[in-house]
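By written order: A, B, C, D and E. Residues from 1 in each chain.
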Amino acid sequence: MDLNFSFFFSNFPELTVTGLAFGAIYALIALGYTMVYGVLQLINFAHSEVFMYGTFAALWFTMATVGGGNPGGFQTLAILIGALLSAMAMSALIALILERVAYRPLIKRNAPRLIALISAIGASFVLAELMGLRDRVTGWVGLDDDLRDYVGRARINNSMPNIVDNKVLFSIGDADVRMVDVIVIVAAIVMMVAVDQFVRRSRLGRGIRATAQDPETAALMGVNSTRVIQLTFLLGGLMAGVAAFLYMLKIEVTKFDVGFLLGVKAFTAAVLGGIGNLRGALVGGLVLGVVENWGSAILGSEWRHVVAFVLLVVILLFRPTGILGESLGKART
Amino acid sequence: MAESAPGRRVLEVDALTLQFGGLRALDDVSFHINEGEILGLIGPNGAGKTTCFNAVTGVYRPTGGDIRFNGESIVGRKRFQITQMGIARTFQNIRLFRSMTALENVMVGADANHKTGMLSALFRLPRHRVEEQQGHDRAMELLRFMGIHRHADELAANLSYGDQRRLEIARAMATDPKLICLDEPAAGFNPAEKVQLMELIRKVRDQGYTVLLIEHDMRLVMGVTDRIVVLEFGRKIAEGLPDEIRDNPAVIAAYLGVDEEDAS
Amino acid sequence: MIRTTRSWRIAAAAVAAGLTLAACGTTDDEGGGDDENAGGGGGDAACDVSLAFFGPQTGPAAGLGQPIIQGAQLAIDQYNADAECEVGYELIDSQGSPDQAPSLATEAAGNEAIIGVVGPAFSGESDAAGPIFAEAGLPTISPSATNPALADNGWDTFHRALGNDATQGPAAAKYIQDTLQAKQVFVIDDASEYGAGLADIVKEELGDTVVGEDTIQVGDTDFSATVTAVTSSNADTVFFGGYYAEAALIVSQLRDRGYEGTFVVADGVKDPGYLDGAKDAAEGTIITCPCIPAEDPAVAEFASAYEEEFGEAPGTYAAEAYDAANIFLDGIAEGIDNREDMLTFVNEYDEQGVTKQLKFDETGEPSDVHVYAYSVKNGEIVSDQEIE
Amino acid sequence: MLLEVEGLCVNYGHIEAIRDISFGVPEGTITTLIGANGAGKTTTLKTLSGLRKVRAGTVKFEGRDITSIPPYERVEMGISQSPEGRGIFPGMTVTENLDMGAYVRRDRKSTAYEQDLERVFTLFPRLAERRQQVAGTMSGGEQQMLAIGRALMARPRLVLLDEPSMGLAPKLIQQIFDIITEINQQGTTVLLVEQNAAQSLKRAHTAHILETGQIVRSGTGAELAGDEAVKAAYLGGDV
Amino acid sequence: MTNKSSAGFRQRIIALPKPAKIALWVALAVLAYALPLLEPPLISTPGTDFGGVLFTVTVYCMVALGLNIVVGYAGLLDLGYVGFYAIGAYTAAILTSFHASWPLLLAIPVAVAVTMVSGVLLGAPTLRVRGDYLAIVTLGFGEIIRLTAVNIEWLGAAKGISAIQRPPSIELFEIPHLFWDGAVPLVDPDDTTTFLEFGVLDQIPYYWLGLTVVIVLLFADRLIKDSRVGRAWEATREDEDAAELMGVPTFRFKLLAFSTGAFIGGLAGALYASRQSFINPMSFLLLFSILFLAAVVVGGQGNRWGVIVGAIVVAYLPERFREFSEFRVLVFGLALMLLSSFRPEGLLPPRRTVRAKQLEHEIEALEEGQLEEEEAARG
């Protein structure tokens, strides 16, 4: 293992910006983990698939609208917004289905928390495999030929038409900062702030926090807990949809199992920041993205994930409840 | 007289101070417990009784002052070590090992003084057999003493509320303590049960244990304790015999209030 | 025992090719065999025999298994189309993991009808299953396992229908040095057996011209640190040892950041999926491959037949799988119905295949490997030259 | 009758926690349920607020059958509860806790809302001093005040109080009961569940004694307080 | 209710006199040993070798028993158990083939010891972290182990390590297999297994070895569970603070649970490597940690027979239902979801949980919801 510090220092700004961009995506996904954990104390293992379906929605929308060449100006913006909205809608839908099918029956029976984790793992397999076998499904209903462009190559990478010109916006030192990275970082932070304010200021947000702290008492205050749980999944899903859209903008390629690794990382980010804490998700995501990039630069990209997990362990040793600690949920003893 | 009990000081709390952030939960509190005595610790809610308890049993580490048990400082020791030294406790809100049987709960207490490890257990070495037998016998004896031996094989979670409270005391006694700390043992009891409890606490003392008792029910406190320490806002405001405390104007103002019906 | 598990899709493909579905199930009759001796088209061809595919049909590596399954399927379908006795085709799904390989190989070894195996697909599962096939005397021809060490295990049943890393690596390095005249090369690999093995050899051959290296992990999608490393190294050429999925992402992200050097990859990237994934960014990529260019009529014929049957251009190693299956099928056509004879037949085989002259040396390596360079032009992989 | 309970049975598994109890809460009164631990008091309250499922019987509020409507709708109708063990939201400030009490109200910006807030702060001056304090750091007595104040923020017709005196010092107990009486005098109907029989009988207009899930005696507070059997079982003699 | 019939069955077993009980167990054990020879239809696995699958099942049983100590007894959620499994396998591989050529019987104890030490090294800093934080830390640990193996040449990198030693063979006699003609079992003289030949083509002796280890572990598990150690684990799981205050050095016992779990994981890994004779990092993906955990939870954490059942479900069913081919993972996922919602306590929950569940409601009713206490138990 050679330590390559000269490379790291000479490219510090670029490594940081690209790290922040990917970290912003982690942060948005982490939000879904953190909210569900805050309210239900459950690790929503299938959240990674919520994200994955969002990437496909963005992909399909773009494929359907772009057609041949590269549209210009206003049309591009319309397509981008459409792709964003369809990703959000798809992810939110999947998140709600997940809540209904994989969680509500267990919550009703007051099942042990670990079994809910297993149910989520099962749901994650099912969702990923359904996407990976989508050509079979359309085959059965006889739509295979019509939908070939959309369902074909079910188990390998599918890529999105390139619609944003990734031009250099400005430079820091001799590092170029590019369009897509800026869009990703800004959009992620705006969304996170919006959600944070919603949960802090709005009546429904207060309902979420109350349910997180004490579900039974919250019910006595007139909070409809089923609604609150749905809302939590919905918000997490919407944010995963935004993440999915931004991811497609940046990476342009998706696959039925793309969620797994990202999900693990995003969950790591959530824990890093302090699970249950919305701002923690943002901080955790950004820190994770940046440190991964730095670590890759110094040690080599093969140690990227190792760097991430070592960072997690080190942080937890010094701050056992993450960088910002828990706040949405009650402090657990 | 306070000194009527056989003189030796089991526990000495010396200028104990405990600070959480900006909040001073205990401020220069000093008192002691003599061997064979029942000491009551009372005070309004938030006065620092449970905090004091937690400091004595090692849950919190004091910010200042010292706690000595049999002359030895326990500050900085681990909780299980303090238990092994001879301080045991019960909890305000019952904390039994719910999915273990009553007998097993008490045996966990008895295990505090045992040494059986993995290998002795695996090969059923003599030490394991001896300790297991001793633990079992001691646990049954304590269950019988508490009058709940018929429920020995029931899950702790399935015992009635009163029996759970008794089981907690039995479990604490099984650790073979010198000092046993009871945190609101009468919470949730009706008057008849409280009378039984009072007798039980006396019986425990008569077995040679020293008792530190936190309790709100004044009838019980007045009836069973040898001496009382009163805390308010983290400070000791009075100490003395039950009768002295009852008539202490500071205590009446801070704690008892004027309604005789409850305080009598 | 129901022996044949075909996906509906392949069955459907068979129907499309004008075959009867009855062929799908082999008969259960224990030792009954066919009463009528195989006459007709196949002459004295053997009956009641099967070939097997051993590799990932499901799981994360399924994308690499698919073209192999289909390549061998095409060969068998073409054979069966005018054979009296149809050859069965078993799909043994290892999910690409060496974990399940021993049990699967043992079962395959116990199934006497299987007289030839196309696979195992990956070197890892080859390592785990190889001793079992060797013990059972069941000949295998791998269309895709490239770890040079596999041939050194002394399994006489082991063969492969493609050059190993040790033949392709130097060729790639030679091309980079001589044809591209590269001064500064950045080498990336994907830490897989195939990719790391190849990259190591390329690095060794190139020596001092290598100005930087990095290793990514299969399944990663964000390579910004690697891209920064490449751009800041001022390399004029990047070599990537790995498969097409990551190659497409890396080249896109490199081009996205304005990198303009040459991107060189090997046969693991010669797949339509690379073009789909990288689109414009793929333009100009150099792909080395030990496989004959499509100008050759046999190759073109294979490609069009494949496309007709499966609706897509042949993917990575489809042609090698087709060749491997055809070696066995030639043996079956000659009446071979047991493993021992098949092994001898394979060891002595020497015919022109779609990818190369198919002849094995005593360790099971193809004895005559030519490496060709291809390049991506106008969104297509076109042949460039043979690397001497 | 503001609240009418008829033939109520509640089960846990196969065990009957509440067996066929019937009682009413007249508008404007304090009604108390007293009984030992395990008698079914808390279960009754939880059933009234919809947290437990009813096996048989009906609950009527203002004449309307509410037996099977969910808890949050009951709050909207005007039943609010201060739960056992206080159940404040430890991570929220005092003000936020009070806001939670008004969760079902949509008039958060109105003067009526401000008035209600002032009313709570007048009842509990201690809370007024601690508006921005995080509730989890307050003492047990203050938490109890907050829980009661929070229940009032819903502008309930009926407030259910579950053991407000539990774990409190004698002096505080009196204060709490004084405040309960005051709340009632301000026009809110109170259903009080208590173990502190002495205090609650003294304050209540009507009282019911629960034993093992059944009502064994009913009467006015004074009647029961004077009853020898009740005295022996619940008020305790001198020790 | 299925509970009732099984409870009735259990009652009848318990009522048997002791010699009869022992005879019953012995008969069960003999049946278990004979299973691969019998090749019973329906149970036997088409498409893959039955003996090999059974060996895999025994490895999963070992892993499940080990993980059950960590998760089920001590209540520590470990999502990186595959890391220990990997350490055991790699140590055995390195010592018998890659960097040395020790005999396997010497390498296994060392592998197990190394794994145990690694358990202590991982546990010492991380066991202070609670609950779900521990889950993610252990998950990270498992991944670190795998990625280290992928990236370090000394550990074989992605190429892996081949020619790992097999156990020494003692070839004694041959046992014929059965052969089923419809419902009629016939003895097949051509198909035999040589007793204790750990060869290449016959996986059955590995299964026997694995089964023996599982049986030994079951005994050991029982001995430990019914002792001060087992009680301390349970008390820690139930209420860590209370346990500490009752004189249980909870940290030490958690560490003991962790390293005991690691011990068993390492043993399973070493045996697996030996049967496989080849390992590479592919066999130690995060997915396996998840499957191991699924085995424990689906089976019924805290009950040694439950986790055995869980291990069988997780290891055997996907092999048995190879016919689903590409839909296997989908079907497995569905099965996990269905099991979770229909048997939330696991297939065979600990007897106590069953009893506790039945009585909990009664008590709750009688005790009138002691809220705080409930929370303490939940938290």
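We adopt the following convention: a residue touches a chain if its C-beta (ideal position, glycine included) is under 8 Å from a C-beta of that chain, and two chains touch if they have at least 3 such contacts.
This is a predicted model, so every value here is computed, not measured.
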Intersection of contact partners for chain A and chain C: E
Topological distance between chain C and chain E, in contact steps: 1
Most remote chain, CA-based centroid, reference being chain E: D
Chain at maximum distance from chain A, centres defined as averaged CA atoms: B
Centre distance in Å when chain B and chain D are each reduced to the mean of their C-alpha atoms: 32
Averaged-CA centre spacing for the pair chain E and chain B, given as whole angstrom: 42
Between chain C and chain B, distance of the C-alpha-averaged centres to the nearest whole Å: 74
Inter-chain centre distance, chain A versus chain B - centres from mean C-alpha coordinates, in Å: 50
Shared interface positions of chain A, touching two or more other chains: 136, 216, 302, 305
Chain B: positions in contact with at least two other chains: 160-161, 188
Multi-partner residues of chain C (each touching 2 or more other chains): 62, 191, 215, 217
Touching residues (chain side chain D, partner chain A) in the complex: 49-51, 70-72, 75-76, 80-81, 83, 87-92, 96, 99-101, 103-104, 108, 150, 154
Footprint of chain D on chain A - complex, ascending: 203, 206-207, 209-210, 213-214, 216-224, 327, 330-331
Residues of chain A that touch chain C when the two form their complex: 7, 10-11, 14-15, 18-19, 21-22, 132, 136, 139, 148, 152-153, 155-159, 161-162, 166, 168, 176, 178, 180, 250-253, 255, 257-258, 261-262, 292-293, 296-297, 300-302, 304-305
Touching residues (chain side chain A, partner chain E) in the complex: 37, 41, 43, 101-102, 105-106, 109, 111-112, 114-119, 121-126, 128-130, 133, 136, 216, 264, 267-268, 271, 275, 302-303, 305-306, 308-310, 312-313, 316-317, 320-322, 332-333
Chain E to chain B touching residues, read off their complex: 220, 223-224, 226-232, 234-235, 238-239, 241-250, 256, 260, 350, 352-353, 355-356, 359-360, 362-363, 366-367, 370, 372-373, 376-377
